[in-house]
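In what follows, chain A forms one complex with chain B and a second complex with chain C.
Right, the complex of A and B next:
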């Protein structure tokens, strides 16, 4: 499944729910799979008593990974050519996240069509937690 | 953190995909993957981050016999330095600063697949400073990691920006 350029116009958008009521256990799962065991993400005692945060919080890269799932579900597997983000707010246990891709432009190089998207992930309060862009090869 | 050998393995991709809530069979079923456009189990878009598993000195992994700054009997092990903090601080609460991940970009030249053995070269990019409203002075550092395959062809360029904060980000 891939996108066709003729079906896309600037402003075309796709959105998906990434997670609802994010669990600490999922953050632990991501720590184990990624190898990033920073206790800020998995150790409530350290995060609150030492680091001064209200609780543990998710790795930015977990939010990026989940946002990447929205993109690959939309543009097709193996189609991304670029994906870049800024982490603008922390993601906490209990958060609901939703991600949106909005088409900005389509360019063509040597017969290859590339679609440029703006990517935004927001939480249940509407706060932007991740903002960036992605480029994907389309048919 | 140069990485000499990062084997792209099926069970690692399966666990990584599970952790991000992605049940796409592309990430765990090689027969299914063979019939897709990529033709094989490929790495999810942010999987290069998991190369930390293959960095023998990765600083955010506890190691046997070495101090670790997470909680045990105490909320932190004072003998272990907290990455990004001044080690000689007396006030535990001032441990709120640290390194946070500010930005991440990936450029895909080819999506790595199961069976590839990658190696990575790392260099430091730009550095800059900014006064943050919510966490004091911010020091940004860019790190560029290039992942090459067994034929020495560039697969993924990853650019990370880390930010060192003076104190915990105000909520």
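Right, the complex of A and C next:
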């Protein structure tokens, strides 16, 4: 399934829940799956007593990847051409995350149609944890 | 850090811009089902393109692909880095330079990925990385710091570009260290306490605002011309609420006074003489007598006042022997 340019209007949006009640275990699994074992994300004692954070927190890349899933579910796999984000708040165990993509424009280069999206991920308090943009090929 | 030290520090860190963090090298594992499955599980992605070999085999591609955002994972060094430490490279050296100079704080702030080509089972992801840029010093919500950005370029076993990743990191002085760093370096930067702020309400704000401009005003009844101080809404003589003001010449005499000894209040300079001063215009004003020994102050003493800046936040009339 893929998106068709004629069915898309700038301003239209797509959103999806990414996770509810994020578990420490999921963060640890992401550490293993991605190879990023920074103890800030996996070792509660290090995160609290050495680094002074209230607990471990999620890899920015985990939030980015979960947001990326919302995008690839929407635009279809093999379609994403660019995805850039800014991590605006940390993501903590217990968080619920929701992501939204809003279509900004559709451009055409050499017969290839590219859709530009603005992407936002928020937590259960409405705080923005990730903000960015993405570009995908559409039919 | 003084200006010279900061210059030397910045020369040092900026020398890392353009340095190679790692030459093009292959990931330890070729793109494979189990690693994709673990990664997709961790982010809760059940797209069959990443998880269902049968579905993938029947699809147009004929094979399973890796999720695009997984691109950087193939080149990660994993647990050995935590267990044995990282082999020194340009990035770890740069981080060390920041740490040595108090910029201990680390926060990943931005990631930007570009995707040129899908990778599927059996492909090998090659990565090379450089330190791409370092910002000027920034005052951020986390503290003073610098952003540095690495640029990783990914390609496959044929040398075809797969994508790029820019990763921006903020190295900052954590707030507790910031206070320590500035006190050892620069004592005068510590905040000097100021006098208790004047309470400014509906009826007296105008008087204090004029004081900030260097003027002492006296309220005058518009109906009967009687002067009054401190400021209040109604004339005590005729009950009129219409008023204007005149500017005092600040000539006056001591009506009564006291010297404050104890307790000493931060922000006030001692010795401290407080006097009720009868102004030439006829109203009384409470202010400090300065410019002479406290012992010299006496009732009936002739004074001349001027409005002065007492501390960083306070303008007040101060009275000197006339």
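What we mean here is this: the second predicted complex is superposed on the first by the 139 of 139 C-alpha atoms of A that agree within 3 Å, B and C clash if a C-alpha of one lies under 4 Å from a C-alpha of the other, contacts with A are read in each partner's own complex, and residues count from 1 in each chain.
As a working rule, a residue touches a chain if its C-beta (ideal position, glycine included) is under 8 Å from a C-beta of that chain, and two chains touch if they have at least 3 such contacts.
Model, not experiment: these values are computed from the prediction.
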Partner chain in contact with A:107 - chain B first, chain C second, else both or neither: neither
Touching partner for A:139 - first (chain B), second (chain C), both, neither: neither
Touched partner set for A:49, first chain B, second chain C, both or neither: first
Per-residue contact with chain A, leading partner among chain C and chain B: B
Touched partner set for A:6, first chain B, second chain C, both or neither: neither
Touching both chain B and chain C, residues of chain A: 18-19, 26, 29-30, 32-39, 52, 60-62, 64-66, 68-69, 72-73, 77-78, 80-87
Contacting residues of chain A [partner chain C, same complex]: 18-19, 26, 29-30, 32-39, 52, 60-62, 64-66, 68-69, 72-73, 77-78, 80-87
Residue ranges of chain C touching chain A (in the complex, touch as defined): 35, 38-39, 41-45, 47, 49-50, 61, 65, 67-70, 72-73, 76-79, 81-82, 107-116, 118, 166, 174
Complex contacts: residues of chain A adjacent to chain B: 2, 18-19, 26, 29-30, 32-40, 42-43, 45-46, 49-54, 59-62, 64-66, 68-69, 71-73, 76-87, 90, 132
Residue ranges of chain B touching chain A (in the complex, touch as defined): 12, 15-16, 18-22, 24, 26, 36-38, 42, 44-46, 49-50, 52-53, 58, 60-62, 69-71, 75-76, 82-83, 92-93, 95-96, 98, 100-108, 111, 159, 167-169, 171
